[in-house]
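Here come two complexes built around chain A, the first alongside chain B, the second alongside chain C.
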Partner chain A sequence: MNDFDLLNNISLGQYRPGDSLLHKLHPALKISALVLLMVLVLISPLLPHLPLMFLLITLMVRLSGQSLFKLLKGTGPVLPFLLIIALIQMFLIPREYSTPSLLELGPFGVHREDLIFTAKLFGRFFTLFLLFTLFTTVTTISEISHGAEILFRPIGRKRALSHDLSLVITITFRFIPILAMEAEHITKAQASRGGSFGTWKTGLIKKIRLYIPLLVPLFIAALERAETLVEAMEARCYEPGQERSRLTEYAWNGRDSWSLAVLLILFLLFTGSRFILSIGGNYV
Partner chain B sequence: MSETNRTRQIVITAVMAAISVVLGATRLGFIPWFSGASLTIMHVPVIIGAILEGPIVGVIVGLIFGLFSLIQAAVSPTGAVDVFFVNPLISVLPRIMIGLVAWTVFRAFNGKMTVLSTILASIAGSLTNTILVLGALGIAGALPWEIIWAIITANGLAEAGVAAVICTAIILAWKSIANPDLVAGKKSSLDDLDDQEEEK
Partner chain C sequence: MNESAVFSAVFKDVSYSYHEEDGTVLKNLDFSLTKGSFNILVGPGGSGKSTLCNLFNGRTPHLMGGKLEGEVLIEGKSTADSEMKDLACRVGYVFQDPESMFATLSVEDEIAFGPENLLFEKQEILDSVEDLLDMTGIEEYRHNLVWNLSGGQIQKLGLASVLAMKPEIIILDEPTANLDPTATRQVHELILKLKSEGITILLVTRELDDFVSQADQILVLHKGELIGKGNPYDLLLEKGEEIDTLGVWLPETVEIGLGLMAAGYSLERMPITIKETMETLFSLGLIKEGESIKAPHKVYEQSSGAPLISGKDIRFSYGNGLYALKGISLDIHPGEMLAIVGRNGAGKSTTAKLLIGLNKCKEGSLDLFGKPSGKWKVPDLANHISLVFQNPEHQFLTDTVSDEIDYSLQSHGIFDKNKLAEEREKLLQMLELTEVKDDHPFSLSAGNKRRLGVATMLVGDPKVLIVDEPTYGQDREMTRTLMQIMCAIQERGVSIVMISHDMRLVEEYADRVAVFSEGLKHFDGVPTDLFKEPEILKTAYLQQTLLNQMLGCLKEKGINVEGHIPGTESFLKIILKNREAA
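Right, the complex of A and B next:
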């Protein structure tokens, strides 16, 4: 019956309460740091930037008081897939080779470029994995929506678009468990009426006929909930496009300024050295 | 755009984004398919949001869907391709286009022929998703182009068909609930039973 426990399958990264420097940072700073570091990881060459980035994020994990091993545990399920990808990358994808192959296996050969590409791919994956897990570990959902509101403020100040967007984020997170429960109820109801989910029927038509009695009620129920929410908001005099205050305000303090300065210096250092390296013709 | 519509747009954007997240997180949004790669229907909420409430809603639902698939690929990866989805150019950018394309096609009909325009809009939106995501994967060097063409023809067309059927069913069901005039002339078979009993 594990197929029906839909609610337990949702793992969006668990928030772990704490009192560390990273937990206490301003939410807008956390989100912009996430974006900046993500860009850095995506543009960084294999050597020496990628290991340095990984080291840097490991340092941040230490600062947040979490254990590195626990955060990396989530990669477990993909490790077998990584092997498959490595094989595809090494043998199947043709590249421009400048060096003779290092190892011959029948018709296939392993080249230096293949190894570099695969190493870069995995390095980026693990670094980004750690980054996102760290972010969701130290940031609550209300902090995300508040931070997004502050960051979006420059666009559409007149009609308070930023507030609308942060409201969208809040309602989305609020609705996820409700809809997951709804989906669970509908699946159980249809299964009790004879719907056979999880079996390997070959016909596409049969499969669609199986999914329609599941999806149509799910969408209609969600849209009806949306209509009810619109009415409830209007009955309580919600006016879109108005400036409004919040229950909790996050203050910007000296610690945030220092962190922002460190972050910006790092960003400039990394992008600068990346640029210099690429002029030197080193595309590794 | 009246203010009432704006509250509705905010809420429907959020609810459609939540459905897309739920479909992805519970694996309900993946239909097992014999080519190995599952058919996805996670983009259906984006198309429905775009058809019901316009391009901005479609774009924002697509943005949240893309960001969520990026976060899911990075935080709880489940498949081989997830390794590449941590790149926002692959996971976010193509998804923003789904809503725009679906709305443009739906709009081209000027509100006439709801069924036909919904079918065409969902096919266009679905194909946008398949072609742009797989094209981005190909440009990133994730898979050989031969495999990508095979996936586009094997999965993309089936996905477009599934999306068209599901979107049309949902849009028609919702529109006939929202304004009963659409089905005013029609009788359900239950009404026939009532008539028969009255005759007796």
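Right, the complex of A and C next:
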């Protein structure tokens, strides 16, 4: 992998075209499902809900025709950080312990609670990551912005607010490649001046320090681009707070209703078993 | 007579200053654009072109403030009394870099953005999107993301998204500044198509090519003043000399015409197309059938030593299964000026990145300065080979010119104070930057930015210097300046690699030229030989210079053309000498 082609290194938000049920769902439903499932993952106890959630999302991956391994590949770069966090959690964060420590290392001890907490941390991270990558894999960015607009509709006094909010989302996405490209130009320019980009054998702190000089030109570039964009949008009659029409509209289908029903039942089952039947214990 | 029936835009004695106390940016402009006409506004960088454009759509003075005198009438209505929204629908403005005006993500949505703001009906928007995609020829990319388009497609999409608002006037700001010749031609064709549909067009540019013959009116702007307006033929005949001194590229055909006038010939009409130029030359008796035009051959002496860089069968892929380079062999010898030419996406930049180590050569072999490329580290390699970037600002990191050079010196391992000062002085002097050494890099003039960009790259005495697109966003003077710096550096024994698609530069400066197309090398040799093989240029989507096209036509007419003619100046010298001899 080439360290300079930052665009290729962004694995989140990579839409892969397909023809599956998941691809064809109504965008507003996809976003709601994402939010609901995220909530479920966050409130799931370690056993038995979290593995079930993971299994469920794996099934959805199957349904979308994607490969589980490919979607999870993006976790690679974050794993070291995750390990550090796990170690800190296990050894340094004091908790209320009801059991004696399992392992003593000088002043530090590992308890059953620590292990459960760390397992939960990893479990939730991977489940959420998978969920989110799956979502971006089956949803185009314009679907996200259109879907958000539909969902925002009840919030705004008039429809215009939802237009603006969805445009905010669109432009946020629009700036990802812009920033990545600028960063790429700048790193290249500086590397060819003898900076040490591209040679990753330097330490972590040094690596971070290397990126600091990048930030100033990057921010200048981003602000300049934003200013031009405002000009361009005004030149094309965009006025914030005004109603707009829409080229693409999405129809609600039978399959959307079915999916929504399944989703709601799932949500009720999980929350019910969690909070009413108290399956899975009290560790949140 | 009703003015608004004839003119799309009328400027009546317009002056403008950004702040009351500052000097005027535009002075007493008086001109009009006839409905459905094609107008070209030309002027060097900083002449007030963008300020003028902003007057059309009311951004100035509605948003920018400042002091506007006189009156700007769009379709008969003064901009001062119109709402910006109304003006925006009447005047479409395609930015210099249309990519920066894209507010949505897909091509289709982008075209629909304007009509959506105007609350057009869904079906109406859909129809106009279809029409525009078809007209601009980007139908197959309708679902593409806007950042995955090539330079030409971006221009077309920019135009389409502005046309969707159904404007009466279109302003195009340097649409072909960084396009390869093929894409440029497509944009030109599109402009003519718009003209035939009755849209008033204002094309803003820093350079004129033979496309100027199609224009109805040329406006020449210099330091805020309109120093000439009129039909291209008359204007160039009358003011050609003056425009030339402004540092605007003129078509080579016009250069020939001007040269003839300077030599004492009187012309009735300025030749702009090749045909007209040949007619002029024949009618003046400067060229006769059966004659020959002989120039000294350019002899290229390759230095006898081993090449500095030697690549064999390099294949390179960015990891998506597509090969950007499909087996390129290239040698770079000491002290030569090599031009790598090809359209956008031909593999030129990929090659440059391989040479400076930003890309790693995995397939094929690449020896850099006697060591396989895999054994080099990027920072070490920077001592031997440097890349001067298109946008010098990307390379600036510090607050003063001196610090900027110090930074480079330090990253090359020079920390001793005396040594540092000595090296810095040397570079400042060489690139004539001593006077501005305490200025902020971003506050330098465009020319000095370029110089500083080169200065930072010369640290550590590189043996090879790569210049990426020296013409990018530059007017003629800037390009000349940069190329002269390069020539001076070449004389010190440094090899220069110039990456470009401008054949005029190649003709004028290069010792050797390599033509890239679709990841393959199609030609490697002396420029003169390349111009003898138009087929190669065609497959590489490049275009002969006008001069060479004309020489080709002359050959067809039975005139013997020999040797290397690097520019219109030497061409004129030869034919005028021929006359004297006869």
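Assume the second predicted complex is superposed on the first by the 189 of 284 C-alpha atoms of A that agree within 3 Å, B and C clash if a C-alpha of one lies under 4 Å from a C-alpha of the other, contacts with A are read in each partner's own complex, and residues count from 1 in each chain.
Going forward, a contact is a pair of C-beta atoms (placed from the backbone, for glycine too) under 8 Å apart; a residue touches a chain by one contact, two chains touch by 3 or more.
Just so it is clear, the structure is predicted and the values come from calculations on it, not from any experiment.
*Asks:* Should A:Ile171 be classified as contacting the first partner (chain B), the second (chain C), both, or neither?
*Replies:* In the superposed model, A:Ile171 contacts both chain B and chain C.
*Asks:* Figure out whether A:Pro51 sits in contact with chain B (first) or chain C (second), or with both, or with neither.
*Replies:* neither
*Asks:* Using the touch definition from the top, say if A:Phe125 reaches chain B (first), chain C (second), both or neither.
*Replies:* In the superposed model, A:Phe125 contacts chain B only, not chain C.
*Asks:* Tell me which touches more residues of chain A here: chain C or chain B.
*Replies:* Touching more of chain A: B.
*Asks:* On the A-aligned overlay, A:Arg236 touches which partner chain: chain B = first, chain C = second, or both, or neither?
*Replies:* Second partner only.
*Asks:* Is A:Arg225 touching anything from chain B or chain C once the two structures are fitted on A? First, second, both or neither.
*Replies:* both
*Asks:* Counting only touches as set out at the top, which of chain B and chain C does A:His185 meet: first, second, both, neither?
*Replies:* The second partner, chain C, only.
*Asks:* Would you sort A:Arg244 into first (chain B), second (chain C), both or neither based on which partner it touches?
*Replies:* second
*Asks:* Where does A:Gly272 make contact in the superposed view: on chain B (first), on chain C (second), on both, or on neither?
*Replies:* Touch status of A:Gly272: no partner.
*Asks:* Following superposition on chain A, which residues of chain A contact chain B and also contact chain C?
*Replies:* 167, 170-171, 173-174, 178, 225, 229, 233-234, 238-239
*Asks:* Which residues of chain B touch chain A in their complex?
*Replies:* 3-4, 6-8, 10-19, 21-22, 25-28, 31-34, 41, 44-45, 48, 60, 64, 71-72, 74-80, 82-84, 86-88, 141, 143-144, 158, 161-162, 165-166, 169-170, 173-174, 177
*Asks:* Quick one: which bits of chain A touch chain C in the complex? Just the residue numbers, please.
*Replies:* Contact set of chain A toward chain C: 1-2, 4-5, 8, 140-142, 145, 167, 170-171, 173-174, 177-178, 181, 185-186, 188-199, 213, 217, 225, 228-229, 231-239, 242-249.
*Asks:* Quick check: in the complex, which residue numbers of chain C touch chain A?
*Replies:* 57, 59, 63, 84-85, 88-89, 92-93, 95, 97, 100-106, 108-109, 112-122, 125-126, 129, 145-147, 161-162, 165, 318-320, 353, 356-360, 377-379, 382-383, 386-387, 389, 391, 393-397, 407-408, 411-412, 456-457, 459-460
*Asks:* Give every residue of chain A touching chain B within the complex, in rising order.
*Replies:* 6, 9-13, 38, 42, 74-75, 77-78, 81-82, 84-85, 88, 92-94, 117, 121-122, 124-125, 128-129, 131-133, 136, 164-165, 167-176, 178-180, 183, 187, 200, 202, 204, 207-208, 211-212, 214-216, 218-220, 222-227, 229-230, 233-234, 238-241
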